[in-house]
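Note that the chains take the letters A, B, C, D, E, F and G in the order they are written out, and that residue 1 is the start of every chain.
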Amino acid sequence: MDLPSTAVLVVVLVTLPLAAATLLFASGRQPRTLTLAAALLLTVAALALGWNVHIEGVSVHRIGGWAAPLGIHWQVTPSGTVMLLATALVGLAGAVYGAGYFLHRAGPEGRMARVFMPLWLFAWGGLNALFVAADLFNLYVALEVMTLASVALVALSARRMALQAAMRYLLAGLFGSVIYLLGVALLYGQYGVLDFDALATMLDPDDPGSRAGAVALTVGLLAKAAIFPLHFWLPGAHGRAEPPVSALLSGLVVAAAFYLMLRLWFGPLAGMLNFGAGTLLGVLGAGALLWGGVLALLQRRLKMLVAYSTVSQFGFAMLVFPLAVSGNRAPVLAGGTLLLANHALAKAALFLAAGTLVRASGSERIGQLVGFSGRARWAWLAVILASAALIGLPPTLGFSAKWLLLQAAVTEGAWWWLAVMLGGTLLTFAYLGRLLELALLDAAPGPSPPPVLTPALLAPALLLALLACVTGLWAFDFELDGKALARLEPGS
Amino acid sequence: MHPVEVTFDALLLFSMVVLAWQGVHARNMFRAVVSFMMFGLLTAVAWVRLEAPDIALAEASLGAGLTGALLLATLGRLGPERRGPRRRRAMKLSMLPWLALGLVGTTVLLAVTLSLPAPGLGEAVLAAMPAAGVDSPVTAVLLNFRAWDTLLEIGVMLLAVIALWSLGQDVLASTSRLPAPALPALVRVLFPLFVLSTFYLLWRGGHGPGGAFPAGALLAAGLVLALLAGARVPERMRGAPLRWAVGGGLFAFLIVAVGGMWAAGAFFAYPPQHASILIAIVEIAAGLSIGVMLTALFLGGEPTEVRRGRT
Amino acid sequence: MTVFYLAGALFLLGNVAVALARVLRGPTAADRMLSGELMGTTAVAVLLLLYGATGIEALLDVALVFAILAAMAVVTFVRRTWPEDPVDDNGGETP
Amino acid sequence: MLHFIAFEPGIEMTRLVDTSGMHRFIADLPALSARVAVLAAIWWVLTGGETSSWDWGVPAVLVAASLRPGLGSGGAWRLSLMGLLRFLPAFVWYNMRGALEVAILALDPRRHPDPVLIGYPLRLPPGPARVFMANLINLVPGTLSTRLTVRGIEIHVLTASVSVTRTLTILERRVADLFALQLAPGAVGDSQP
Amino acid sequence: MTAAALLTPWLLLALLLWPRSRRLGLALAAWAALPALLLALMPGAIPPLNLGPLGFEADAFGRAFLLFSALIWWLAGLFAASWMRGRSDRLPFTAAWLTTLGGSVGLLLAQDLLSLYVCFAVASLAAWGLVLAGEDARRSRSAARLYLSLMAIAEVALLTGIAAAATVESLDFGSLNASGAGGLALTAFALGFAIKLGVLGVHLWLPPAHAAAPLPASAVLSAVLVKAGLFGWLRLLPADPTGLEAWAAALVLLGLAAVFYGALMGVTRDHPKQVLAFSTVSQVGLLLVAVALGSLDDGTVALLAGHHALAKAAAFLGLGVLATASGGLRSAALLGLAATALVLIGAPFTSGAVAKSILETGLHGGGWADAFTVALTFSATATTLLMLRFAVLALGYATTRTLTAGLWLPWTLLLIAMLLAPWWLPDARGLASFSLGQVWPVLLGLAIGYGAMRLDLPRPRPAGIVSPALGRLTRLRLSRIAHIERWLLRWTNVGRMLLLLSLGMLGLLFLGA
Amino acid sequence: MIMMAGTVLIVLGLLFFLSGTVGLLRFPDVFTRLHALSKADTLALGLVCAGLALHADDGALQLKLLLIWLLVIVSGATCSSLIARAALAHGIRPWQR
Amino acid sequence: MSLPPGTLFLLASALLFAIGTHGLVTCRHLLRKVLALNVATTGVFLLLVTLGRSGTTVDPVPHAMVLTGIVVALSTTAVALGLIVRLERRRP
């Protein structure tokens, strides 16, 4: 196989979205072919990168040829690659969906159609930049690109509720950034480096500066990742945004913030993760899991349910921290990463399908959704598959992820965390079951004539959900191998 | 440090803190905004005291220019602040623990920052300067060592423009009747100076405090001033030309960055013999683009509307 | 000499600090704007004096920037915050 | 790249419409070169006379001289050098006097302002000179221009007891001198608005 | 063949997705279990099938279960095709049917823990759709909800068990058994399979689900899926029971309690399907005891399970035939049902008697044998009472459907299979034998039943305790939760949380060891 | 000597700044305060610039100081008018004794 | 003065950060929130630059970071203000 080198692929992944977005913006029109070609190219690049990483493992690239700590590095890690892949898949699906969703060329929808793609690509670029970054400050800038693009996407419909949600999201995101930046400042003040590897080697887990810095970084990211009890912005932003936007936001943007937390605590800050802090993070996760689950159970509107389910799912992901305190970190990190990837695919599928269903039903209330009939059945199929993945039923990716975490909990005898995970899974069962039950039993006839559901509205969600289900087997194999675990992360 | 210096710093920082508090909590919104703008001015002085003239320049060109303009223009678009019957928030007993915790937090933060050894990268930068292609360390960091940050930062700005424009047409640009002929007269006099100083700061950036960002901010201030004095975005500039001007900086940056891949074998690497000219090109493109982007931010939306004729 | 310049700057700073009272007291927006103007002019003077004290030439540039932007705030204020006859602009708004 | 604000090479002296671009350019040449000269001087001042700066300076000056902010011309004007020389001392003197007056008024606890609004019919022809005059009024003792109307200018006077008309008349003559203009004949004296 | 057996349901399911192929899919759905049946009947070794990490093979034990399961699936499928004809929800029902079938076949063929778990999850969760398809929408919804809740718990428990077990090197059953996976794995497996099996205490889902589901669905639920729980149990639990005596004792007690509890609850019900459901609870208790005592070999257990499965399926389907039949056919149907009831009771000359004797003989020597014998005896009385109650209710059970060959033919085949089953037994001892011990409990039951009917005893109505209390609790908390959420969404409180969090985390970093 | 003169000018400038501030605080309405600001402060800055120019020995630098002063004067004068006009337009009547 | 250099600036930066975060969470008006956020950001910038000065040479990296940060802050502020204006116009 003669693929372009990893360095070239990374450059493509981070610059192509920005270039394409600028081009689209400057041209002022919306050439779909260009858009989709860019999305496709990005996906291909991500896949190629995945293959390269599979073959070569971790690689590091100096930007401008400057060595750290002076210059900035890109680090292509397996976990980052998994996220890049998930981003590419969701990005492509969202682009296709968006092209089919904003149909009209005039009016507000025309405006949305025109602006959606540049913003989408910007968010994509920000995410890609984030997943390869290995520098505290560079991450800050990448986070801001991502946040700002997301905010604009939330505000896309320019309806009052959407604007309100966007504003709250923006403030929350910036708040998180400020606190994160404080952490960067503290760590820079302590060590005078920003590079992850340098930081990892220099880190003295016992001095106050590093501790305070770590706390600030974490708390800032907690706010950005909407971890309970700082989830105050998420339901509104995700529930009010346009469906493709919610898919990106819920699937990737929140995950990116969380991924960063993984990256930090399993990378440069790994030496600092002690029982107390791990437990605190785990308690937050438990709270998120239960609280988000209960609230999801109570929602009456489809997208709000899905939004609260995000709160809940990230609670699950938070449990990696207590599990990583004493045990073998590699499988925990693998589990966390796979959980994020699974969530990205499944949640994006769920939101995309939800958008289709809402359009087909003309209502967002769960009780008034059309049933498993007509073309909406494809959307329901996607919902069912995505639900299975979110719950973590075998053989989905979610199962593989939860499997790893459960195993870690068992080997460490972390019974409490085990119980929390099980309870959370049950809650997930409950609210998704409720959704399916309500929707399938109380199916409303839907408006007549039924809105046209084009393949672009149906296929992306279904394919994402299928991917979430199918890749699980492969991932499972991969993990059981043990060989993948051994080289999963450079830091561990 | 001389006692006078210490006193100066103390007074400066005290005023800043007071103004910051006012800027957030002043009862009257306008008072808050003015306080915040004054806070910005003093911040620029604080940067000077911290031997960071680059930042001072940027802060000055923004704080005295575009930030204030944006805030005041926004304020003009807001109705009166709606607050219920004025809540005289008496110091409730239940607030005390939170207050105490906040104090603890601040104290901890202070204590931690005081304990930081702050080794820094000063020496590393100095050592790498000969290879950088510019004389000013800050410019070298911005456009060479950490150029990727700067590219993303331009991206953020462009993104902000797209985000604002995505919300609809320009909201802050529409105008009232001109108050006096004095205003256009002033702008006619100042505008060439704005342009000239923009170039001046770009030139300075190569070997001292200056560079694309303050230059762009200054240019933007000039353009905004012209808009405020009644100028319009010309019809033939709306649409694609303006969009290209807005996006051009990032585009140029990207081309140079990716070009480094072919020319020097690494993303964002400048071939040594062309480093300074490439940096100059990037700087000019970025500066001009930043100016246009900041102006676009001030417009607050896409200028598409056909308006009444000039006043 | 340095101390003299610094003392001068300190004096000006104190001066401005006192002038803050006008921002607080108002009563009209114009009054508040005035103290902003005062602050701008004073900041130029402070920077010049600091230049005298330190000899960093960039400070002159900062002062120059302040000077050239001195009108900015007032112009925006007069044209946007406090316009004489706001042309009604639901223009700029997509339906 | 910088086409944001209308690029108007035509400057004010020739408002002849429909001349070809070349004609206009040639007609503008003197004014343009004056602007270039002034801006070049300013560039020199800014850069501290560094010779190496001119590879940036030349384009900068040319661009700055040719870019106009799209505000119309504001009317033709020409300065007279002799007028300038006569004007400057007067200005400095008045400015100092004005500042001193205000300072005394402010610092002396026994004195209080006694303001009044008056109208002053301008004899300067409409155009840049009037604007200049209006701005100037703010810098001279006791006066503050508030509104420029068709007939004249409305002035806020700090101390009503002092007649400012004489000062203003002198000032107006100096400005006319500076702009090489003739004052229109007209009544001189106070008139309440 | 393995592949055909495994994949046929899925292929048919795929056919359902497109309108064009949907009719074909619906028509063929009834026959989906046929390849599995053929596989079970095929002689000789059949090569295994590997799908990624999932391995499948029809080994002897699996084949034994597959035989009766596939038969029931097939016949119930045929029955269902007629029973559901004209119903608007036929499509989702069929989809659920096929999915459940797919899982059910897969789990019997699974060769490792993961495949078993995957298939089990698919089957159990898809059966949710079967329960939902019941006639009474409200009832089936609440039943389905309960079913899903308990299945979710079961899944989670199994997942835990697997995760715990997987700390060993491989997931093959052999190595799993050999390692005697830790207590957690055991507990979790036990809980998971107990739920699926409907063991007393976690049987809550079983009666409502059986009662609510359409008849053919109830038949497979009761006959196949519940037995699948048993299958899983046998597959995973360590072959060597040393060290687990306490467990065994507890299970025996639980099983015995279930036998009588099921009967008691059954006779107090008003719906024939519910009575049958409780009879399942009761019979499962019996099976549980047999398994817990551990003295039966796998083949025998399969036999017992198959026997009960056939009888239970026949009972459910017969109920449908009875309700639709009229005239002479009704008498025939009554006769068939009576036969089924006798088999279930274990009356002499039926396969039920054989099963009982096998149970009894298998238990000789165990410490619990005496108690078990007594219980077994009285279980016949209990079952008799249940069947009496069933008979009374079945006579009053009516439906608007008409009898077609699609209904009676499968049932008849099933009856035949049930009645012929003993002749396949390795030795049909007991079939010919007759003892008073077999008869008097039945007579006792008849007498009690008759007496009860004559006296018109007030039947105790155990009120639901758990769910109303839960309902009250949730209603109470709902407004509270929304209130708290609003509180959490306020900026001020966000700030407070943030402050607490930061200081707390900092403190823990300093303190936490 | 020149240094001395420069120092004196600077001190004078500072005093004018002070008087401007006092005026700003003491004067009764926005118009009178404008007087204080537009006259006292511009001159004050001019004096400071002049003082510094006397201390400096570089021609370009002195001219730069002059440029700064001119810019402030031009802006200050225009802004005073603008504010006064806006205040009148918003119905703020000049204070009268 | 016995205070280590930069103490005052560090104190101010801590205070600004505290004022900013406090204002952000307590103020109701969105514009105030935005201003508060900017105050907090300035606090962090001040901290960065103060730290950059503590070494033997002035460290330009924090300067560059703060310059980048200022741009980012300005851009986000502009977007926030745009949102506020539009929200205001959609006031019910």
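By our rule, a contact is a pair of C-beta atoms (placed from the backbone, for glycine too) under 8 Å apart; a residue touches a chain by one contact, two chains touch by 3 or more.
Remember, predicted model here, so these are calculated numbers, not experimental data.
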item	value
Graph distance between chain D and chain G, where chains that touch are linked	2
Fewest touching-chain hops separating chain F from chain G	2
Of all other chains, the one whose Cα centre sits farthest from chain D	E
Which of D-F and B-C has more C-beta pairs touching across its chains	B-C
Whole-Å separation of chain centres (CA-atom averages), chain B against chain F	27
Inter-chain centre distance, chain B versus chain E - centres from mean C-alpha coordinates, in Å	70
Distance between chain centroids, defined by C-alpha means - chain C, chain D (Å)	22
Inter-centroid spacing, chain D versus chain B (mean Cα positions, whole Å)	31
Where chain B touches two or more other chains at once, by residue number	49, 51, 54, 75, 77, 102, 105, 108-109, 113, 116-121, 125, 145-146, 149, 153, 156, 159-160, 163, 167-168, 171-172, 179-180, 182-183, 185-186, 190, 193, 197, 200, 225, 229, 248, 300-301
Shared-contact residues (touching 2 or more other chains) in chain F	18, 20, 34, 42, 44, 61, 64, 67, 71, 74-76, 78, 81-82, 85-86, 89
In chain C, residues with contacts to at least two other chains	16, 33, 35, 57, 64, 68, 70-71, 75, 77-78, 82, 84, 93-94
Of all residues in chain B, those that touch chain F in their complex	179-180, 182-183, 185-186, 189-190, 193
Footprint of chain B on chain D - complex, ascending	1-6, 35, 39, 42-43, 46-47, 53, 56-57, 59-61, 63-65, 67-72, 74, 128, 130-132, 134-135, 147-148
In the complex with chain A, residue positions of chain B that touch it	108-109, 111-113, 115-121, 124-125, 128, 144-149, 151-153, 155-156, 158-160, 162-163, 165-168, 239-240, 243-244, 246-248, 250-251, 254, 257-258, 260-261, 264-270
Chain G-facing residues of chain A, complex	137, 140-141, 144, 148, 151-152, 155, 158-160, 163-164, 166-167, 170-171, 174-175, 178-179, 181-182, 184-186, 188-189, 192, 194
Parts of chain C lying in touch with chain B, wherever the complex brings them together	2-3, 6-7, 9-10, 13-14, 16-17, 20, 23-24, 26, 29, 32-33, 35-36, 39-40, 43, 46-47, 50, 56-59, 61-62, 64-66, 68-73, 75-87, 89, 91-94
